[in-house]
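Each of the next two complexes has subunit A plus one more chain, namely subunit B in the first and subunit C in the second.
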Partner chain A sequence: MTITTPNGFTLDPSGKRVVIDPVTRIEGHLRLEVNVDSANVIRNAVSVGTMWRGLEMILKDRDPRDAWAFTQRICGVCTGTHALTSVRAVEAALGIPIPENANTIRNIMQATLYTHDHLVHFYHLHALDWVDVLSALKADPNATSALARSLSSWPLSSPGYFKDLQLRLTRFVESGQLGPFKNGYWGHPAYKLPPEANLMAVAHYLEALTFQKEIVKIHTVFGGKNPHPNWLVGGVPSAINVDSVGAVGAVNMERLDLVSSIIDRAIEFIEQVYIPDLLAVASFYKDWAQWGGGLAGRNLLCYGDFPEKANDYGADNLAFPRGAIIDGNLNEIHQVSLDDPDQIREFVTHSWYKYPDEGKGLHPYDGITEPNFVLGPATEGKKTDIRRIDEGAKYSYLKAPRWRGHAMEVGPLARWVMGYAQGRPDYKEPTDAVLKKLGVPVGALFSTLGRTAARGLECQWSAHKLKGYFNKLMATLKAGDFATANADKWEPASWPRAARGSGFSEAPRGALGHWVQIADGRIANYQCVVPTTWNGSPRDPQGNIGAYEAALLGTPMADPSRPLEILRTIHSFDPCLACSTHIMGPDGQEKAVVRVL
Partner chain B sequence: MGDATFYDLFRRQGISRRSILKFCGLTAASLGLPPAAAAQIAQALETKPRIPVLWLHGLECTCCSESFIRSGHPLVKDVVLSMISLDYDDTIMAAAGHQAEAIIEEIVETYKGRYIVAVEGNPPLANDGMYCIVGGKPFVERLRYACRDAQAVIAWGSCASNGCVQAARPNPTQATPVHKVITDKPIVKVPGCPPIAEVMTGVISYILTFERLPELDRQGRPMMFYSQRIHDKCYRRAHFDAGQYVEKWDDENARKGFCLYKMGCKGPTTYNACSTVGWNDGISFPIKSGHGCIGCSEEGFWDKGPFYSRLTQVAGFGIEANADTIGRTAATGALAVAAVHGGLSAVKRLRDTRQRDKDEQG
Partner chain C sequence: MIPAPSVPVLVLGIGNLLWADEGFGVRAVEALNAGWEMAEGVALLDGGTQGIYLVDRVADCRRLLVFDAVDYGLSPGTLMLARGDEVPRFMGAKTVSLHQTGFQEVLSAAALLGRQPEEILLVGVQPADLDSWGGGLTPVVAAALEPALAAALKQLAAWGYRARPGFGRPALLGHGLARSDYERSPA
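Entry: the complex of A and B
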């Protein structure tokens, strides 16, 4: 029996059911269930968010100046982006402009996150989907060296370097204790890299693990620590002093030099290691340009980010594009507004929450969340031992956000296609260069491979933006402007009795929005709609499927009991479940009704 | 081969004995141990197999894992390849689904009493534990199973140690720290949101090296990292003592690096190593970058805010008037110093009282 969804996908849940729980190498807890046909092609996919924390309920009645710290703890991987979104929402509500330097430093913080997060995703969350660690033991170190030198001028490329690494890896494997590589899908027929490419990739996996900790030191300079640096409503907390008494107690020349040197090293690592690796790996997996597209060729959503000038959040002032693309029509970019009640709405028909009228979606300003963990009649197992979920009923802790009723994909691919469609040269030129290098058409972008490539391009883009923002900060300082915070409206007595505002950003995983209502100096309501809620969304009342579910359809699996192909596509989205499943409205109650029918 | 020692592994991996000894020296230094301890560490590495570690994730944000991989000494690649056997960690492991689940069972069965469970996040107990589901079952069930035959449990971060943000009022999911669920195993709490990277790897190095858990305080935290307040070793302490405070964000005093006490800094009541070990290879810590400490390693810190209200609002603290006076007049006289130190004693008294209350409750 097949079902055609309103958004044009055909689902057939009749074949063998494959369950992957936990999905690993992601943030948080996700379960996937798919049905495969007799040829092991995925014909139905079910994305189940399996955790819920209730942070927005916890935010009620708090001081809005503290909200950034709470919301930052939504996610420690995309650390900072929720905090940034939160201070923007509170500043929007209270009408607080920030100094130019504060805007620049926030852009530096955000670009640092992008540079770090995408690098870590590629090597430590995604690479093992493409790289067979055990195959690396069979590589010829001389040939590996030759391969590495043909791709890049990165100096760690001698035969001896790869030989030593291979020896260390061999001893590690021979110990019988494989640690994080234990029970991996080594030898799976879907692995295509030759041993030499695998050895080179393992070397870079380890190098990237050591290098990533350098990038975040920029957060540490301006925010005091990473993960979870500090932020401030009205600006940034790090005062700057480069030439007078006490400069050593503030951000001074030595600190700025440190930031500058890290930026240069990050650009070097990305351009000499990450991008060449990405292209090399992609060249062996061009078939992945035909799978994993899902919503990508149809519906894409971006809020935009990186305001070039302070206090102007209009699309023209943003380095990241804003807009919506519907039905794959790249010639028409729709305007996006977080405050328009008709645009963004969340549905709960298939989510473990309850609305008074579940046929209707609610805009985040009016959001309600009341947990309602109910399993459908076709569930196999029992409440505390679910063996097969019933997607005909409620089946996820993620809500289903929709833009004007459409399920949307968000994230690096959405941003790159949006920038490409808008004809922005900083998106179009590198994208065209990669397509040309791989010898694939522009349509190849709408795929697992395209998503992974877009993330790499974005990492390179962000590292260069980082340098640009740093230079801008230095230019402003040279012009004599050292201001980093506006404390005029710091005291709650200066606030209106009631106010509301929205803040947005592009998290590495996609469009992120916070909506805050303030009454008598306290938070009256706080809502977040986050990227993984869009991408990992369950079905809506009309039966439209979300991006994860759509992307898995049509993918052939070599061996459904070793679900490497599913991991490839799901990891290409870089899931973050702690982000997506924290939603709790002001009227939320602890009265989950649980029954298994 | 499964019982190869660290030393064997290092040597087989082509690392010289000289390098190994250097590593041991650095480890000793990072733990604040005398140079003689380096030999003890080297001895330990030569004779011990890698301990399997099951790193479980409950309700959390993964900041602890992210912090862990920031460790500068030892590097995480060396921790994972040469010190422990990190057989299960959802965040980085290659396997997923059944292949991942099978590992927990295998380690629990094979290494009875000889493995460590590291917990990031905590189990929610409301809704039969089904606010955090792993493998179709409540996380709390898997936590209990994995801990059953563990040698020890490490509670990473404030979630596992104290409950942290999801346990803040009104704690909708009944998120519960690990020690309230696992009651029959030694538990090392490493609080912080997240903990400092080198504190995390330092705890592991210590356990491996000395074959014992570090000495813990009454709350279960390693004394070596959590026995002093941020304030005790803060580089801005002199400004506190001199009555020099930041009065407003980005004011002249902020640009001189004065004390953040009036901006709500919780350094005086927070026990952690931030002002000594520092963050991210010691680059900075919150106060050094201009923001007060929010007390993220203290139990219930989310409910002790707002973060920007100064500690004097805590009942029984009582030095607000003195600090205000000092700040306004920039007085540096003996009277002011005496007043400030009076305040400090009050902090200590408060701390002691809190501790006593906790002990009595516990």
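Entry: the complex of A and C
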């Protein structure tokens, strides 16, 4: 029995059911259930957010000037993006313009976050889906050195270097503490890299782990501390005093020099290690240019980010593109507005929430977050131990956001395709170069491989933008402009009695929006629609499936009890469930379970 | 060439303070900072739910003291100390919190970098409630803060870093997140 969804996918839930819970490597709780046919090809997919998110309730009646600090704590990995989005929403509500330097420093903070987050994602959250750590133990260090030197001029490439590393890795594995490698499907037939490429990649995994700490020092310089840097409604909290030496709190020349050197080293690492690794790995996995596309070739959404000039959030002033692409028509970019009540709406027909009328979606300004955990009649198992979910009923703690009724993909691939479709040279040229190098057509972008490649290109792009924003800051400081904050409307007495506004950003994993309503100086309503809610969305009242669900269809699995192929595609979205959802069930136990029913 | 650790003692609180007893680790570090002056060489860190991002801080210290809410299956509020090799085992035994898998990975990633702390003490408390978004510490877990701090101070002294009572330093948490602000019902 097959079903054709309004957004054009064919689902067949009749075959064997494979259940994976949870899927994410770090924070978050995502469960996936898929049906495979007799050839183990995925024919139906169900994405289940198993945690309930109650941020809206936490923020009610708080001081809107503190909202950034709360939203920064909902997620371990996109802290700064939430804080940035929050201060933008409050500034929009209260009509607070920020100084030019504040905008530049926010861009520096955001570009730093991108550079760091994408690097860590590739090496520490996604690489092991492609790299077999145990195979690296069999590599020949001399051949590994030759391979590394053929790809890049990165100096850490001698046979001795790889031999030492291999010894360390062998001892680590023999000690029985597989640590970060313990959940891998080592030896899985879908791993294709030769042992030498695996050893090189493991070496770079460790180098990236050591290097990533340098990048976040930039957050410490401008945000006062890291983790959890400080933000400020009306600007940035970093006072600048270029004449001081080692003063506590102020940004001085010594610290600016440090920032400059970190940026240069980050660019070097990305261009000599990350990008060559990405291309080398991709060249062994070209078959992944045909799987994992899902909504990518059809519906893409970007809010845009990086305002080049302060206080202008229009599409033309944003270095990250803004727009919507529908039905794969790259020739028409639709305008996107967070405030238009007809554009973004969230549905709960298949979500564990209650609306007065569930046939209709609600714009976030009118958003309601009232949990309602009920299971459909076809559910198998108990409430605390669900064996098979009933996707015909409510089945996820994620709501289903839609743009003009369409399910959308958000994230690096959406941004790169949007920039490419808009003909922006800083997107088009590097993308064409990668396609040419791999010998694949433009259509290959709409895939798991394309998503992972877009993230790499974006990491390189953001490191260069970071350098540009830093140079811009230095130029304005040189010209004597030290303003970093606007305190004119700091006092609630200067605010209107009632106000509302939206703030947007692009988190590394996709479009992020906050909507705030303020009454008598306090938060009356606060709604966040986060990227993983778009990508991990369940079905909507019309039966349109979400991005994860669509992306898994058609993927062949070598062994359904070891679902490496599912991890590859889902991790390519960089899911981040902590801020989308909250834990389910009274026992709160988290176990990685794969069941084939 | 593996660099030597540059921080003699790191006192790390982990957890999500927006999530009831999950905030215990961060609240313990906050309380330690509020009432005690650390000896030179001791760094306090609110690690939040940063997971793998904390690897460098952990790899860069000689001795590590971690506060966290850990599900030992005991009665709520029970304090448990774990040392050295027991720590990752404990933290992996039952992963109830968002970050514990992450923190266990942090310790082994540090080991893989060849930069494990020489000594580790985990001061863990059995949580009562991990499910209330927006909730504060439950009374039984809040009552465990004082003995948890006492255990930490005893360990610091044994390592040769005796803290002195002292007030007046900048608070570790602000912007509505200090425990006194956060747990009072808003407005």
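Quick notes on this structure:
Throughout what follows, the second predicted complex is superposed on the first by the 570 of 597 C-alpha atoms of A that agree within 3 Å, B and C clash if a C-alpha of one lies under 4 Å from a C-alpha of the other, contacts with A are read in each partner's own complex, and residues count from 1 in each chain.
Quick note on the criterion: a contact is a pair of C-beta atoms (placed from the backbone, for glycine too) under 8 Å apart; a residue touches a chain by one contact, two chains touch by 3 or more.
Everything numeric here is computed off the predicted structure, so don't read it as measured data.
In this overlay on subunit A, subunit B clashes with subunit C. Of the two partner chains placed by the overlay, only subunit B lies in contact with A:G381; subunit C stays clear of it. Look at A:V133: by the touch rule set out above, it reaches subunit B but stays clear of subunit C. By the touch criterion defined above, A:G234 lies against subunit B but remains apart from subunit C after alignment on the C-alpha atoms of chain A.
Of the two partner chains, both subunit B and subunit C are touched by A:Q177. In the superposed model, A:I74 makes contact with both subunit B and subunit C.
Which of subunit B and subunit C touches more residues of subunit A: that partner is B.
The superposed model places subunit C right into subunit B at 206-214; the other stretches listed in 8-16, 206-214 or 278-286 stay free of clashes. Residue overlap on subunit A between the subunit B contacts of one complex and the subunit C contacts of the other covers 26-28, 52-55, 57-58, 62-63, 65-66, 69-70, 73-77, 79, 120, 124, 168, 172, 177-180, 206, 209-210, 212-213, 216, 227-228, 230, 578, 588, 590. Touching subunit B in their complex are the following residues of subunit A: 19-29, 31, 50-55, 57-58, 62-63, 65-66, 69-70, 73-77, 79, 120, 124-125, 128, 133, 164, 167-168, 171-172, 174-185, 206, 209-210, 212-213, 216-217, 219-230, 232, 234-235, 237-241, 244-251, 258, 371, 373, 381, 383-387, 397, 482-487, 490, 561-563, 567, 578, 584, 588, 590, 592, 594. Those residues of subunit A lying in contact with subunit C across their complex are 26-28, 52-55, 57-58, 60-63, 65-66, 68-70, 73-77, 79, 120, 124, 168-169, 172, 177-180, 206, 209-210, 212-213, 216, 227-228, 230, 522, 578, 582-583, 588-590. By the touch criterion stated above, subunit B contacts subunit A in their complex at residues 1-2, 4, 9, 12-14, 50, 52, 57, 59-67, 69-72, 75-77, 80-81, 84-103, 124, 126-139, 141, 164-166, 168-173, 175, 193-194, 196-197, 236, 248-251, 254-258, 274, 279-281, 283-291, 294, 296, 302, 305-308.
Those residues of subunit C whose C-beta lies close enough to touch subunit A in the complex are 16-18, 46-56, 71, 88, 94-96, 98-99, 101-102, 104-105, 107-109, 111-114, 130-131, 133-134, 174-177, 185-187.
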